[in-house]
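Shared between the two complexes below is chain A, which has chain B as its partner in the first and chain C in the second.
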Partner chain A sequence: MLRHLRLMFCFAKFSLLGELAFRSNFLLKILVEMIWLGILLTFFKTIFGKSSSVAGWNEHEFLFFVGAYYALEGFVETFFLENCVEFSELVRSGNLDFCLLKPIDPQFFITLRRVDWSTAPKILLGFIMIGFAMFEIGKPLELWKIPVFLILFLCGCSLAYSFLLFLTALSVWMIRNQSLMEVWWLFTNLMRYPRQIYDSEWALPIRMVFGFIIPALLAVSIPVEFAVKEINIQFTSFLFVIAVVYFFISRIFFNYSLKHYRSASS
Partner chain B sequence: MIVIKTNNLSKLFRVYEKPAGLIGSLKSLFNNKFKDIHAVENINLEVHEGEIVGFLGPNGAGKTTTLKMLSGLLFPTNGSATVLGYVPWERPIEFRKAFSLVMGQKSQLWWDLPASDSFELHKEIYAIEPSRFKKNVGELTEIFQVANLLNKPVRELSLGERMKLELIASLLHDPKLLLLDEPTIGLDVVAQSAMHRCLYEFNKTRKITILLTSHYMRDVETLCSRILVISGGSMVYDGQLQGLKDEFGKEKLIKVQFNNLVPDQVFDKFQPLEITGNIVRLRVAKNDVPNVLAVVSQCEDVLDISIEDPPVEEVIEKLFVSHRLKKM
Partner chain C sequence: MKKYFNIARLSLKERLTYRGDFLLSSFLRFLPMITSILLWKSVYGSSEQESLSGFSFKQVIAYLLLVNISRMFSSMPGLATNLARDVREGSIKKYLLQPIDLIGYLMSYRVAHKAAYISTSLVPYMILFGSCASFFDTFPTPVGCVYFFMSLILAFVIGFYFEVCLGMLSFWILEVTSLLYVVTTLSFFLSGHLIPLDLLDTTGWLDVLKNLPFAYLAYFPAAIFLQKVSDEELLLRFFIGALWAFFFFLLSRVILYFGLRKYSAYGA
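Up next, the complex of A and B:
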């Protein structure tokens, strides 16, 4: 465990050094992320300028939700997304060889070896928005709820990571896997809004598929509902269980895919 | 001690065949055709501790596939292997710590960072003790004479410089076995010689076992005490380089240099390869060499004479051709 933490620190350190070798690119990426946040908040303000609640969520609760979503997306983008996207190129070029030869867990090395520091501010900004929303709600989060919320937040991250890992593993057979980003975009779009917006009858298939089979709708909704709305024990436990189960299933599938790696020619 | 041992090691690849053109591509969407390719067939080999073994073969012979199976990257279709006492494709951590694979066409260093940073990361990944790491970096940078390159971003290095640093990275954790896949590809003669010197020294001082593939016969002649030749996925020769020369090099190349022009008709019966000015080049059967020397001794103004084996490339090519003919 300690060794893995040291390695993560090294990955983070050398990734930062790598990013800083191209400072303008790094700063531009941060600027683009800030603009995206600005657009998201403007959209959010416009909606709540016309209505006092959306699908049962008032403005401050929704701001909490947006903050949690932003932090979760930032977490996945900072630590995993770039590595997963690069995986198909590693397979195509045969450079995956070097990852598999290293004396560490391949999943750990492949999905964590580069940290995208330009998206790291999203995590911080997300939590600042959560703090601001709590302040606006005017009811402080009970102390015991903070660690549980963080655990549920990590369950949401783990769910997103498992989904990403599953898509990544497919690259071993597909070689070129540009659809990965497209499907990830679909996943983030489903996480982006509270699950209650799919409460209508017509949305039943979406609710079933993305609420239970590929539970993207739960990744952000359940931790936030736990913090600012009534606690739903069934869904909270479901998120916890499904996050653990999906983590192990995706890990098994990833290791299975590595056994089918053919290694490109020299 | 046996470091590598394989028993009928084989690898079959199923390759997708796509017909050319748009119609072919559309057809292949519904009707995939596959072809089985035997990349490696029943390879049996043994490599002992401290040996430097050259692994030769034409493109597509199965050299890299064999190296990848020996390093655990590929699962064989058939057969078995042990490397340093481990089954490679089970990929135990201890096995991965005990060897290194260097590929001349691929880089394991971080492109945008100086090599010293990649070495530091390597230290963490291989859990190398700080004192041992410091000692190895010091020794290796001295052997390879690259102390001035450690802090330059890798992308700014020449190919030769980068290859030296790749080799250092692969040696930092004191591997017992070094698998080298065309390590001198693209290097100029000076860089190649430097690489030979370093590998030779490392093999002698640390008793590291080296299995090396290369298309450059200089690598093989300079470094390897023994060669393995593979063709069409099968092993066709295992032994000393000289043995191969004796078996397939049944001719000698003779060059005679005169003070003045080459005398007329004297060498005609040996069918000279070429006569240019004062030099004549001949290719004769080994048992014809005394006859040539007898003729030369009767000439008056001979300046110099040399007798050489044909180039190793030619010898190996003959081996490949003879193997192909046997298969037909």
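Up next, the complex of A and C:
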């Protein structure tokens, strides 16, 4: 465990050094993230300029949600997304051999070898938005709720990571996997809004599939509902259990996919 | 002309090599529409108003569907990045050594790319629009359809020359990837891809936004189809759009001219 932490520290350090070698590029990447946040907030403000609530969420609760979503997305993008996207290229070029030959857990090395520091401010900004929304709501989060919220937030991150790992593993068979980003975008799209917007009768199949089988709808909704709405014990425990289960299933699937890697082109 | 036709033919073949991945990604792109429909349903439900900034609920959804068609013509994935890479790595000289015009080559390649994309996406798009037909209350007249088609061609031309200009900035700036991210991100919002520009009326920037080249990449064709552009305004909008297209065409030629004088084939 300690060895892995030390290695993670090294990965983070070298990634930062790499980014700082091209400072202006790094700053521009951060600027992009700021623009995205501006777009997200403009969209959010436009919607609440036309309506007082959306699916039972008022403006401040929704802002809390947006903050949590932004932080979760930032977490996944900072640590995993770039590495997972590059995986198909490693498979195609045969360079995956070099990763597998290293005396370290392949999943750990492949999905964490590079930290994208340009998206790291999203995590901070997301939590700033959460703090601001909490202030606007006017009801501070009870002390005992903070660690539980953080654990649930990490469960949401773990769920997103597991799904990303599933998609990454598919690259071994698909070779060229441009759809990975599309599917990931679809997954984030489902996480982006409160699950209550899927309460329509005709959206029942989506609610069932993405609420229980591939529970993307719960990743952000449940931690936020826990913090600003009534606590739903069943869903809260379900998120915790499903995050752990999905983590192990995705790991097994990833290792299974590596066994089918043909090492072509190397 | 024959050589440009052959480039287009070969590019089409190349593009269709990975058609499984291509079809899957085309199909997946539509699924977020369901989220948009549900979100806007909640917004209109809570606002208790029939129309917001002149758009009914059905029209917003129809608009969001139509911008997919606009972007199908105007988006140029990989054009600027590949061009920048060719300049940076010096491999652009393979085009310069041949009796071929670089921008003409890129145009042929892109036309093939678009033809492949549109033909492969036709079935998923037909399914999508067929299942969402109830969101379209009105259909444009035959003349309106011609205007719509013309606006799509305009979207393609502006999108193409705009991306070429961006890619060719790499003659001066070695790494343009991040700059491209900034522009793409801004374009996504300013083109009206996310939300009809009319809904941004509270910002006070609506007139400016409608006159920017970005509006022609997504908003304008969708607005024409939904008959949100009056007959008097239509001519002016087309005129401004044509000016933008001509401006970027001219700019791309000027950048190429001066860029090639600066280019040293370094890295090849």
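Quick note on the criterion: the second predicted complex is superposed on the first by the 264 of 266 C-alpha atoms of A that agree within 3 Å, B and C clash if a C-alpha of one lies under 4 Å from a C-alpha of the other, contacts with A are read in each partner's own complex, and residues count from 1 in each chain.
Please note the rule applied: a contact is a pair of C-beta atoms (placed from the backbone, for glycine too) under 8 Å apart; a residue touches a chain by one contact, two chains touch by 3 or more.
All values reported here derive from a predicted model rather than from experimental measurement.
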item	value
Chain A as common anchor, with chain B and chain C clashing or fitting	fit
Chain C versus chain B, contacts on chain A by residue	C
Chain B versus chain C as contact partner of A:234, first or second or both or neither	neither
Chain B versus chain C as contact partner of A:94, first or second or both or neither	first
Touched partner set for A:103, first chain B, second chain C, both or neither	first
Smallest separation of CA atoms, chain C relative to chain B, angstrom	7
Overlap of chain C and chain B interfaces on chain A (superposed complexes)	22
Chain A-facing residues of chain C, complex	18, 20-22, 24-25, 28-29, 31-32, 34-35, 38-39, 41-44, 46-47, 49, 52-53, 175, 177-179, 181-182, 185-186, 188-189, 194-195, 199-200, 202-203
Residues of chain A touching chain B in the complex	3, 6-7, 10-11, 14, 17-18, 21-22, 93-95, 97-98, 100-104, 109, 259, 261-263, 265-266
Contact footprint of chain C on chain A as seen in their complex	22, 24-25, 28-29, 31-32, 35-36, 39, 42-43, 46-47, 49-55, 174, 176-179, 182-183, 185-186, 189-190, 192-193, 196-198, 200, 203, 206
Chain B residues within the chain A interface of the complex	13, 64, 68, 71-75, 91, 93-94, 96-97, 100-101, 103-106, 108, 110, 112-113, 117, 120-121, 124-127, 153, 181-182
